[in-house]
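What follows is a set of structures for review.
Next come two complexes built around chain A: one with chain B, the other with chain C.
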Partner chain A sequence: MQRVGARPTDDVCQTKSIMIHEFFQLLSGWSSLDTAIAGSAALTAMSCALPGAWLVLRKHSMMGDALSHSALPGVVMAFLFAVSMKQAGWISEAQKDAFLQVFLFVGAVVVGVGTAWLTEWVQRLGRLDSGASLGVVFTAVFALGLLLIRLDVDDVHIDVDCVLFGIIETAALQTVPGTSIPEPVLVNGAIFLINLLLMVLFYKELKLAAFDPGLATSLGIPARGIHYGLMAVTAMTVVAAFTTVGSILVIGLLIIPAATALMLSERLKVVLALSVGVAALSAVLGHVLTLTLPRMIFSRLGYPTIEDAGTAGMMSVTAGMLFLAALFLSPRHGVISKLIHRLRLGQKIAGDDILGLLFRFEEQTAIRPTDITVPDLVAKQNGISPWLMSLSVRRLLRGDYVSRQTTGELILTERGRESAKSLVRAHRLWEAYMAKHFELPDDHLHETAHRVEHFIDDDIQNRLQTELESPEMDPHGKSIPEKTEP
Partner chain B sequence: MSVALILGLLLGAGGVQNAIPFVPNLRLGTHALETPFREPEETVVSVVKLEKRSSQTGAFPSGVWEQGSPGSIHSVLAQKPTPPLLSRLWRVLSLRDYNTRVVLLGTTMLGITAGIVGTFMLLRKRALVGDVVGHSALPGIAIAFLVMEGLSPGTGKWLPGLLAGAFAFGLAGAVSVMLIDKYSRIKADAAMAMTLSVFYGLGAALFTIVQKVPGGNAAGLKTYLNGKTASLIADDVWLFVGVAAVVLTLTMLLMKELTILCFDDQFAAAEGWPVFWLDTLLIGLVVTVTIIGMQSVGLILVVATLIIPPASARFWTDDIRRMTLGAGLVGGMSSFFGTIISALFPRMAAGAVIVLTGAFLFALSLLFGTKRGVVIHWWQQRKLRQDVGRVDLLRASFELIEYAVSDPTPTSEEMVAHEIPLGDLISMRAWDAASLRRLIGTAVRDDLMRPTSGDVWRLTESGAEEARRIARNHRLWEMYLMQYAHIAPSHVDRDADLIEHVLDPELIAELEHQLDHMEDNVPVSSHATSGSSSD
Partner chain C sequence: MTVAYHRRPVIWDIDYDAPAGELIAIVGPNGAGKSTLIKAALDLVPKVSGEVHVFGQPYEEQRSRVAYVPQRTSVDWDFPVSAQDVVAMGLYGKIGWFWPVSRKWRKEAREALDRVGLADFARRQISQLSGGQQQRVFLARALVQQADLYLMDEPFAGVDAATERAILQVLRDLRSTGKTALVVHHDLQTVADYFDHVLLLNMRLVASGPTTEVFTEENLRRTYGGRLALLDQVGTRLAEGQ
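What follows is the complex of A and B.
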C-alpha cells in the first residue's frame, strides 16, 4: 500500500528534476551571441520603459500603438530621401547608411509629433472621444505609409541589397568597428541614456504635467510642450526599437513594465526604477525561455524539430506573465491580497456580530431562541455565507472570546464580554449621536449603527460620550454599557 | 518582390534575428505578400538569400497581417495591356469583370457591417477594441492549427477551425481588457496596449513554432494569414453577406438595449437589463466582424472601418438610429469608392485606399457636418457672439442715456435724441475701440443705431425700443436674484449679465408675475450702474 501511494510523488519529483536538468542543459549552449541578443533586447526594453511609464501615467498608452504604426510613412520618407540624395550625387554610397539612420530618426519624430498633434486637433475640433480620434488618425497615417511604399519606392529603383543590409547589418551580430560591442547595444543603449538624461533633467516638469496639468501651466511649465516632447522621445525610441523587436511588440515594451511597476508601488521614483528593472528582466528572461520552453514543451508533444521561438515574441509574453504575477501577488494592490483583506474584514465583522448578539441575549435572557444557534441566526440576518461564519466562530473560540458549552451553545467568556460591551456601547452611542444630530426616524438608526459599530474605537467612543454629555440610554431606551476600565 | 521585402523590413524587420541563423525571424517574411512561398533551395542574389533564411527559420508575415492585401483587382487588369483611364473606369463601373464584382461587393458589405457595429463601440468609448481584438486573434490561429494538426495530421488548415481559434482568442483579448480595467488599478488604455502586445507576442512566438511543425509551412496557412493573397473570392463574399445579415438582424432587434447600454449602462443595470451579456454580445459582434474581415482585407482596414465611419456619422446627427445608418453608409461608400479607385490605378493597395477614402469622408464630415461640424459650430458661435455684443451695446447705451437724463426712465424721444459718443461707451464695459466699432457697425446695419457725426451715434426708434427691453430684462433678473436667491446687490449684475442673453419672453412674463406686475417700465437699477460709477 505504502509503496503504491509513494510512487506518484517519486514520479513527480523525477519529472521535475529531469525538467530542471533539461532546462539547464538547454541553457548550457548559451554563447556570446546569446549574450549579445539578451543584452540588446534588455537595453531596448529599458529604453522603451522610461517614456512608456509616462505614457501610462498620463493615460496615453494607446498613443504607443498609434506612434509605432504611424512611424511607417516617416520611415518610408526617410528612406526615399536618403536614396534620392544619393542619386543626386550629394552623398556617397558609404555615407548613405549614416544619413539614413539620421533621417529615420528625424522622420519618425516628425511623423510622431504630427500624429499626436493631429489626434489632439481632431479630438478638440470634432469633440470626439480620444480613442476614436486616435483610431481615425493612426489608421489613416498608416494607410498613407502603405500607399507611399507601393507608389513610390518602386519608381525610385532602390538598391535593395544596400538598403536591406544597411539596416540588417546593425543587428546583434554586427559589432561596432574596432570593438566587440554589438551595434544594437550601442544604439539602444544610447537611446536609453538619452531618455534617462532627459527624464532626470525634466523630472519635475514631467511629474507636474502628468499629475496636475493645470498647476503646471499656472507655474509656467508648458504642459503641452511636455506632451509633444514626450511624443517625440517616444517616437524616436520606438523607431530605434523596431530593428530589434518590431512594431507591435514595441507597444508591449512601452506599456507592460510600467503597468507592472504601478501594481507594485505608489511612489513615482520607485515606479520608474521598477519599470526599467521589469523591462530588463523580461528581456533576459524572455530570451532564456525562448531557448528552453518551446523545446521542452514541444518535444513532449512529439515535435522534436522545434528548437526555439522568437525572442521578441517571448519577451512580450514574459513581460505579460510578470504583469500577471504582479496583478495577483502584489502586496498592496494584488488580487490575492485584496481577497485576503476582504476575507479578514468579513470574518471580523461576522465575529463582532456574534459577540454583539450574545451580549444582547445576556441582557435579556428570556428571548434567546432555542431552535437556532447564534451563528446561524447572525448568518441568516446578515446574509453571511456559512463557510465564512464557521471561520469566524473558530476565530472567536481560538481567541477565547466565547466558549462552547456541552449542549453546543456558545456563551461569552469574560474577555468576550468586555469586547462585546465595547461594541454594543459603540453601537448605542452612535445611535444616540445620530438621533441628536440628524433628523432620522428611530427605525432608521439601527441599520447605520450596525454598519459603523465595527469601526468606532475607544477614542471615538469617548468623544461621542463627551459630545452627548454621557448619555445613559440610547434612543430606543436601552442602556448604554459603561466603559470598561482597562 | 523587392517591395515586399522592403515592406517587411520597414514594418519592423527583425534585424537581430535575421543575421543569426538559429534565432527565427519574426518580422521579416512579407515575401509572401505577392510571391508564392519559396523553397529554401533557391539561392540567387543576396536579397533572395535573406528570403531563404527567413523562410528556413520560419518567417512570420506580420506585415501582411497588418495590412492585408485585398487590392488585387488591378493585378487582373494589369495582366492585359493597360487601356486608357476612361475605358478602365467604364470597365470597373460596369462590373464586367467577375473579380471586380466580387471584390466590390465584398468590401462594401464589410464596410457597411463594420460601420454599424463600430457605432456602438464608438458611443461606448471603446473605439480601439477592434484593434486589440485583431491583434489578439493571432495566437488563436496558431493554436487552432497545432491542435487540429495534433489530433489528425493534415487537417490543420480547416478554415472554420482556424476562425474559431481566432474568435476565441479575440474574445479573450477583449475580455482581459475589461477584467484588468475592472479589477486592478491599471486603466483601460494601458490594459488595451498590454493585451494587444502580449497576445500578439504569443502569436508571433507560436507562429515560428508552427513553421517548424511538419505541414506547418505549406502554403495553406500562409494564404489564410496573408488575407487571401489572390483576392476575395465568392465564398468570402457569401461569408460577409451572412455575417452582415446576422449583425443587422441583431442590431435591429436589440436597438433599444444597445442604445441604453451605450448612453447609460448603470441605468440599464438598475433597470434590470443584463448589461454584462449585452456587453459581451457587442464585443462578440466586433470580434466576428474583425476576424472575418481581417483574413480577407487586413487588420488595419478592419480597425479603420470600425472607427472612421461612425466617427464621421457623428458629425451629421444626434440620433443614434440615423448615426447607425450613416455609419453604414459612410463605411459602404468608402469601401466602394476606395475599391474602385484602387482598381483604376495600378499599385494602389485597396486596403490603404479604402482607409484613405474613409479618412477623406471623415475630414469632410468634420468640416461640414450639419450637427457637430466645424463650420456650423463656428457659424453658431459667431452668431451668438454677435447677439451678445448687440445686447451689451444697447444696454450700455441705455445706461448712458439713463444717467444723462434726470428722469429715472427716459422716454423714447429722449433716448432717440441723445447723442452717444464712442468714448463714453468704451468706459462702460471691458471692450476695446476696434471691437466696439465693429459692434456699432453691425447695429447701424440692423437699423438700431445711426451715425450723427464722427464718433458719435444715436439710437434709432427700434434701437431705443430694443435697448429698453434689454435693460428691463436685465433688471428684472437682478431683482429676482435679490428677492429669491438672496444674492447681494453688488453681485447680481454679473450674474444677470451672463443670463440676460438667453432670457426668453415666457421667462420674462414669469418674472414679471413673480415680481408683481411692473408696468412696461424699466425698473431703476438696484445698484450703481456702470455709467454712474465710471466717472
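What follows is the complex of A and C.
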C-alpha cells in the first residue's frame, strides 16, 4: 500500500478509507439474526427509558439500582415455584412457561413495592438517609437472591452470568411459537407499549407527583400511590429486561438515556421523547459497533479477533458515549456552549475597555500614550491575551464602533461614542452609588466599578440615577455623562 | 391538634378557629411549628390527635376549597417545566384523571400569571426565573384553584420588593372577594400593616385575635422568649418513653 514518495497525509487518508471500507464490509454480513438482536435491544432499552426518566426526574435514580438488584430473588423464586409446581404434577410442561411469566410479573410487582416500602421503613426507623437505607435493603435482598440460585433445585439451573449480564444473542434466537418474531421483541415490546400507555394516561399525575407531591396530596391525587405504582412498573420492566441485558446493565438503560435527554432539553415532553430516542439509538448503534469495532481494533493491535463481544455491554458503553457527547454539546449546560459564552463575554469586556479608554482620551481624563497602541495598553492593564484582544478589535471595527486612522490609531465613531458614554456613565454612577452606601476609601471604588460596568444596562442606570438624585459628578469629581435621548 | 415527629410533639394542643374572610398571619420563632401546623392541617404530615374542619365540614370533604402555597425551597426548580405548566398544576384536581391540560385550562393559567405580573414569563423554564418570580408562580398556582381558604408558607421569605408588593396586592384582592388566607410570616415589622388577625405560635398557641389587640410587646415576648423548658422536657420523655 505504501507508495514511494507518498506524503504522510495520503497515508492517513488511505488508512481512514480502508477503515471505513472495512466497517461497511463487516456490516454487510448483517443477517436477520442481527436485526433480531438489534430490535430486541432497542425495545428493551426503550421500555427501560420511560420509567427510568421518571426516576431521574424524581431524583430517585438510585432506586433503579436498588430495584434491579432486589428483583433477583423475585426472579429466582418465580422459577422455583414454576418448576416445583411442575414437579409436583400440578401443571404440565407447556403450562409451566405461562405460569412462570405470571409469577415473574407478580414477583416484580412485589419486589418493586416491597423495596420501596422497606427502604422507607429502614430510613424512618433507623433515621438513615435514603442512600444508606437503599444500600442496606438492596444489597441484602440481592445477596438473598444469590443464595437462592445456589439452591440449584434439580432442573432449575440459573446461570449467574446470564442473570447479571443477560444473553441477548441467545434470547433473540428464540421465536414466539408459530411465528418468526423473536421472543424478546414480543416481551420487551409489549412492556414498552404498556409503559408508553401508562405514561400517556398518567402523564399529568406523574408530573405533579414528581414536581410537588405536597400539592398533589392536597389536590386529592395520591402522590404515594403514584410513587409505589412507578416502582412496580419499573420492577416489571427491569425483570423483563433481565433476559436481554441482565440485572447490572439494565441500570444504565434506566438512567443514562434520561440523563442525556435532560442535557438537551428543558421541556418535559421533549425530555421523555428524547430518552426513548437515545435508548433506541444506543441499542442499534451498540449492536453495529459490536459487529465492527472489536474486529477492527483488536486485529490491528495483534490480538486474536473476538467473535462475540456482547451487544448488551456495548449498548451501555454507547449510551455512555452519547451522554458524553450531550455533555459537550448541550445548548445550556454543555462544556462547549459554556466555552463559547465565556469567549463572547471576554470579547465584549475587552471591547468595552477599549471604548471606555478612547472615551476618556476624548474627554481628557486620561492621556493617550505615544509609545503603545490602545489595544496593547488595555491588554497589558487587564491581563487580556493578545489573540482575544485582536478578536475584540475586529469586532469593534466590524460593528462600526471604532475606525482606524491612517496612522493606525483607533478613534471612536459616533456609534462607538454613544456606547462608550453609556459605559462610562455606568462606571461613574456605580462609583457614586458605592461611595454613598459603602464604607470605602475613594481609591477603592474604581476596581469594582470597572468589573461591574459591563453589566449595568439602561434600566439599572436609570434606577441608580433616581436613587442618587441625578448626581453630576462621581466621587472623584469627574462628570457623569448625560444620557443621550434616542 | 397535636403533631409529632418521631413521637416528639412539635406542636401541642392547638385549638384555633380562624375567622373567615380575613388575612391571618402565623407568627413565631424558628422551630415554633408554623409550617408543621399548615402541613398537618392539609394532611401532609400525620397528626397525633385532633381534626381539621373547613367551613364547618371535615377537611377531607372540602379539599377543593383549600389552596396551598408551599415554601419555595420545597421543590426542585430545575425540573423541566415552564411557569405556565407549574401554574396549570393547580388545576389538575379540576381537570380530573387522564385528561390532558386543554387550551381552556392553559388560558386560565396564563391569566393567573398575569395577575401576579408574570404574563411575559409563561413559557420560561422555571429555573430561569428569579426567586421572587418563582414565588409568584406558586402564588398564581394557588389562585387558579379558586379556593376559599389559602394556606401559605412564608410567601414573603427572601423576595424582592416588586414581588412583595405583588403578593400583598393579591392578598388584599383575595380579602376583598371574601376569601380567607392563613400566611406564615417572619417579618415582624410588617405584620401589623399586612394582616388583620394574628396567630402567635411557639410549640403551642400563645395568643390569637385581631392584630391590634394581640400583636403586643407582651405577647411577642411570650412567643419569642425561648421555648418552654418543661414542654421540651416532657416532649423528650414522650419520644423516649413510648
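Methods note: the second predicted complex is superposed on the first by the 354 of 486 C-alpha atoms of A that agree within 3 Å, B and C clash if a C-alpha of one lies under 4 Å from a C-alpha of the other, contacts with A are read in each partner's own complex, and residues count from 1 in each chain.
Keep in mind that, in the parts below, a contact is a pair of C-beta atoms (placed from the backbone, for glycine too) under 8 Å apart; a residue touches a chain by one contact, two chains touch by 3 or more.
Owing to the predicted nature of the structure, the values given are computational and were not obtained by experimental measurement.
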| item | value |
| --- | --- |
| Partner chain(s) touched by A:A280 [first = chain B, second = chain C, both, neither] | neither |
| Which superposed partner A:L357 touches (first chain B, second chain C, both, neither) | neither |
| Contacts of A:K204 with chain B and chain C, given as first, second, both or neither | second |
| Which superposed partner A:T139 touches (first chain B, second chain C, both, neither) | first |
| Touched partner set for A:A319, first chain B, second chain C, both or neither | first |
| First, second, both or neither for A:L262, with chain B first and chain C second | both |
| Touch count on chain A, higher of chain B and chain C | B |
| Partner chain(s) touched by A:S247 [first = chain B, second = chain C, both, neither] | first |
| Touched partner set for A:I221, first chain B, second chain C, both or neither | second |
| Which superposed partner A:K59 touches (first chain B, second chain C, both, neither) | both |
| Contacts on chain A seen with chain B and repeated with chain C across the two complexes | 59, 127, 262 |
| Parts of chain A lying in touch with chain C, wherever the complex brings them together | 57, 59, 127, 201-205, 207-208, 210-212, 214-221, 262, 265-268, 270-271 |
| Contact footprint of chain B on chain A as seen in their complex | 33, 37, 40-41, 56, 59-62, 64-65, 69, 72, 75-76, 79, 122, 125-129, 131-136, 139-140, 142-144, 146-147, 149-151, 153-154, 158, 160-161, 163-165, 167-174, 184, 242-256, 258-259, 262-263, 290, 294, 298, 301-303, 305-317, 319-320, 323, 327, 333, 335 |
| Chain A-facing residues of chain B, complex | 2-3, 5-7, 9-20, 22-27, 45-47, 50, 60, 62, 66-67, 122, 125-128, 131, 135, 150, 180, 183-187, 189-194, 196-198, 200-206, 208-209, 212-214, 300, 303-304, 306-308, 310-311, 314-315, 347-349, 351-353, 355-356, 358-359, 362, 366, 372, 374 |
| Residue ranges of chain C in contact with chain A within the complex | 6, 39, 42-44, 63-64, 66-68, 70, 74-76, 79-82, 85-86, 89-90, 92-93, 95, 97-101, 125, 127, 141 |
